[in-house]
């Protein structure tokens, strides 16, 4: 860490800062300029808050120079993480994966039809919410475990993997047997108890960025899961909240190459939540892949106009199909390919 | 709800919108202008998403004209909610309450000293975190139930009430016997399962605004608790995330009069998290009360320079005392008074 | 416009709103529900502020249902605007254009070398600032008219068009003879006097989105230029200000398809200012084109490490060349092509 | 400045950074830790961009440790700036000033009546816009110089000072004879040419914070004016743009104490633009003064319901009067008083 003292800070003030740094376990190097003193702390001290130093008397500013995340940093695994699923599919390699399906599990028929359409378009994962976080208590809250069973059945029939959202610790156990990948929603990105538990699970996790989370905070949340021993983790950009209201959120496409640079974890993009309007999803899906995404997570509904939630941002089946065709053309431009349909992975 | 069609929308498009409105239970009134048709839906239909209409063919825009919250709205209780605590103290009346204490419960001695100082300054509540949500997994995570016991003891000794944060459903039960008020932190404002459970509890709750939550979303989250039957709810403004980095967050002081206008619930302010730097806390505490706050929630530590968390934003005991003196002068300007120390409430 | 009255608004309140609407020139249609009255105003009244109605007594909310921009709207020219430059190059057609060059004009040699490299990479425009808006008064402020001459010379030598920023009305006249396209910077997006003057000029303009401007405000600013009679206008997304600090701004890639949908004007993207770091520029340039951009505006410097401004976000010449190669592969995926080098346009 | 190298950066990388620092005029001190090297640059070099270092090979991060503003910093004038107006009124001293009036100058009668009401309430300044920046080209654009004359006449009749907005350089000269204080609007906070010219004027200036401007950027803009030699400068907080849409902007009340701490310049607050709704103006005016503001700038209209602009946020004359009464009670709480009406200053 570094502390830049104010011009003409007193010896006593400087001494107080040095003592606190030493107390935390830093070796302190002092640089004395004409008017300003700079203190550099090196070593590997315990946890501290940099703001503590910023408000000390005589301090101009203080900077933390080492990342707070270690396991999530690119340096930990320079070659990048590849998550291998039961059926052999790999996320984080050369192939780009596509996860699609309705916002909510509404019925067996709806999910069966969705799975058929998702598979036909050439996707690898069926997504769908069995437990739904809704901002109004009067909205549809999901089918629960019954919804998980329906998803599993449909996915198996069409050779798909299942990804679905986990909202709290008590849901982890019952979900384990039905799903292939846990999804942590944006609202839970800093539900640290949940993250910690997911660190002890042996099942891949997809962690979505919170709508007000900085890139650094995403990586700190990832650290919670990694530090529990679960390294099968991918991150997901899905839009942040800004002043712009035309779109549901503002999709931070640049977070994709930034996360790929700072971390070894695969990064997928969710343009459906990023923009919130169906016709903007295909261009943003293409943009995400052009920017380096390892995968896409999108909402598609057999009949979006009748969807129980998020209908406005759900693709029509035909749109998904056309998008996949475009993605297959795009992937080689960024030296990638679209993963084959899961059935083919099996074969 | 209202749907404004695009200029020259076709009859077929208009008909499709009308059918969907009727299907949801609306009575539809149609206004035909020279170039534009407007459809007004009246009645009390079930849940729907306004975006669903915004993406229908031929629609210019669609507006929801009734609030999604009912119980949280000012109209539900025009006279305002008053929360009565076991010792007779009322939040939401003419008196302004002050809650203070350290960020984290660190030890019995630290809490006992805090309680003494908080009471001596004239506050009514002891705050302190036993369970700590920390953005880094390597930071101090709190003392847990042991911390709750310590708080209860100290609070009782000095005639204070206890407010502390609940982070997940499993903590509710063990907390019940030790505390007087649950606090839901900003990160959990949309942890809907937790909110729902707190709706079934018979103990006051203080719900903090999320750092990216709109005022309407705060009220929708409040609705979760109220709809469970727990009406002893207060809201808390504690800063939102903006582009400004000098302060930890940007405290939205205007949210105080807005929430008081839109809702009947008491509103308190947390300037410590709002600004994140000790010397800005007193002016922002005064500003909050000037703007109409029913109470203040602030961090104070017997020795902030050695605090295990949030030391930079914790007041020195002496500062808290001086602030209370100022608040006693300020309250009459807005036709209020500062609540007497709890010991006096008892007497 | 539409006014939704509060439940149980009085007849007097309703009457007051109707009178004000009629006064503004609206025909008012009234819908009376069980508890709520809705007033729809149709017709083409003069200017008014919707907030005026929002604060009238008894009003729940009021909505403006027609856009405030007319000439900028897609409906005004459904087929899209194509800007034709003197040398025959068209912006807004099937071909994507690339504009590149240093942030500041620093010397004749630097610009000549830049132009050579920009042309060699296959770009069509040379960009560079002669008048520089700098947030610190102590920073380099640009070479002025001398810089314009240098740009013109170099561009002519290598068959390029010149685009450069105009900062105030007095600069328009002297710039006319040296440049091919005016650029209005983000800080001047709402300098309405400047916009009005540019509406009277017969030279293309590229209007950049302000860092805090909504998409609707971009289109209103465009309206200033269009309403003066200058239809050779393109818009530019270059990043908005958000809470994220890793990147200089957050590039709102979704604004590209949104602007293309709402307006007939060509849309270009400036990933250099959008992200502020060189290595993020190529992925964001690709993302922008994948999302539908009609062109790119980027900073390149012959020696970025010695640049007098924006060196950190300036591409190395080699990077620009590689990027153009990728763009040529990408364009067909979105049914476009990269415009030929200007020299070829001439031929 | 400080550069923290990446762990295990090579000697060559470190050497390259040192060379660039020396080239800029820094004396470089090197601290070598177990894995990380830190370079501290001391001295007073010329202008440079810290991002230039952030993207150099092997650099973890780089920090600028001295402010870019010198004249605007508190250290330049620790005792604080007091601006003395022709009639003896001082801004920045113990007394708090109030500036009020309509958004736009609409007619002689409207302004005369406004001046009478503003004076009667006990304010010291008449505000009003003669040149209006409007986001739509079809909105009312102001009365121009004729409006200035009207303001001067009315202000003189009621013993008030005149503050009004300057939008471009060409307006400075004609305004000089009619006004007492220039106001630079939020949209022009980074119109550096305008700021520079105002630095050469001998007339006080009130500089408003831009809606997306950080506190540091406000001070850098102030530096433009100060460095021209005009020290009669006050700053104005008037709300920033955030995701919250209930209020027009989010008023950053904490910017008031922050600016007072970082700078010696007086700070006034404009709650009218900060919130955009009349009934929120009084609580936010009180909050601003409680937080330390040296003055208030507010919109009042004799008949807000008929105002040509900003009617929704303009106070009724009666509200202004009541607010002044409250402010007189509040000022002593923060050891201030409200300035006497200007007529009394004269006497």
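Structure notes:
Here the chain labels run A, B, C and D in written order, and each chain numbers its own residues starting at 1.
Note that contacts are C-beta pairs under 8 Å (C-beta built on N, C-alpha and C of every residue); 3 or more make two chains touch, one makes a residue touch a chain.
A quick note: this is a predicted structure, and the numbers were derived from the prediction, not measured.
Taking each chain's centre as the mean of its CA atoms, B is the chain most distant from chain C. Interface comparison, B-C versus A-C: the higher number of contacting C-beta pairs is recorded for A-C. Between the Cα centres of chain A and chain B there is a gap of 27 Å.
Taking the mean of the C-alpha atoms as each chain's centre, chain B and chain C sit 39 Å apart.
Between chain A and chain C, the centres computed from C-alpha atoms are 31 Å apart. For chain A, residues touching at least two other chains, in rising order: 212, 241-243, 245, 279. Those residues of chain D whose C-beta lies close enough to touch chain B in the complex are 212, 214-216, 240, 242-247, 250-258, 261, 274-275, 279-280, 283-284, 286-292, 326, 329-330, 332-334. Considering their complex, residues 20, 47, 49, 51-52, 54-56, 68-69, 133-140, 167-170, 187-188, 190-193, 196, 210-212, 217, 220-221, 223-224, 227, 241, 248, 276-279, 305, 307, 309-313 of chain B touch chain A. Interface residues of chain D facing chain A in the complex, by the touch rule stated above, are 2, 4, 7, 27, 29, 31, 33-34, 36, 38, 40, 42-43, 60-61, 63, 65-66, 75, 241-243, 245.
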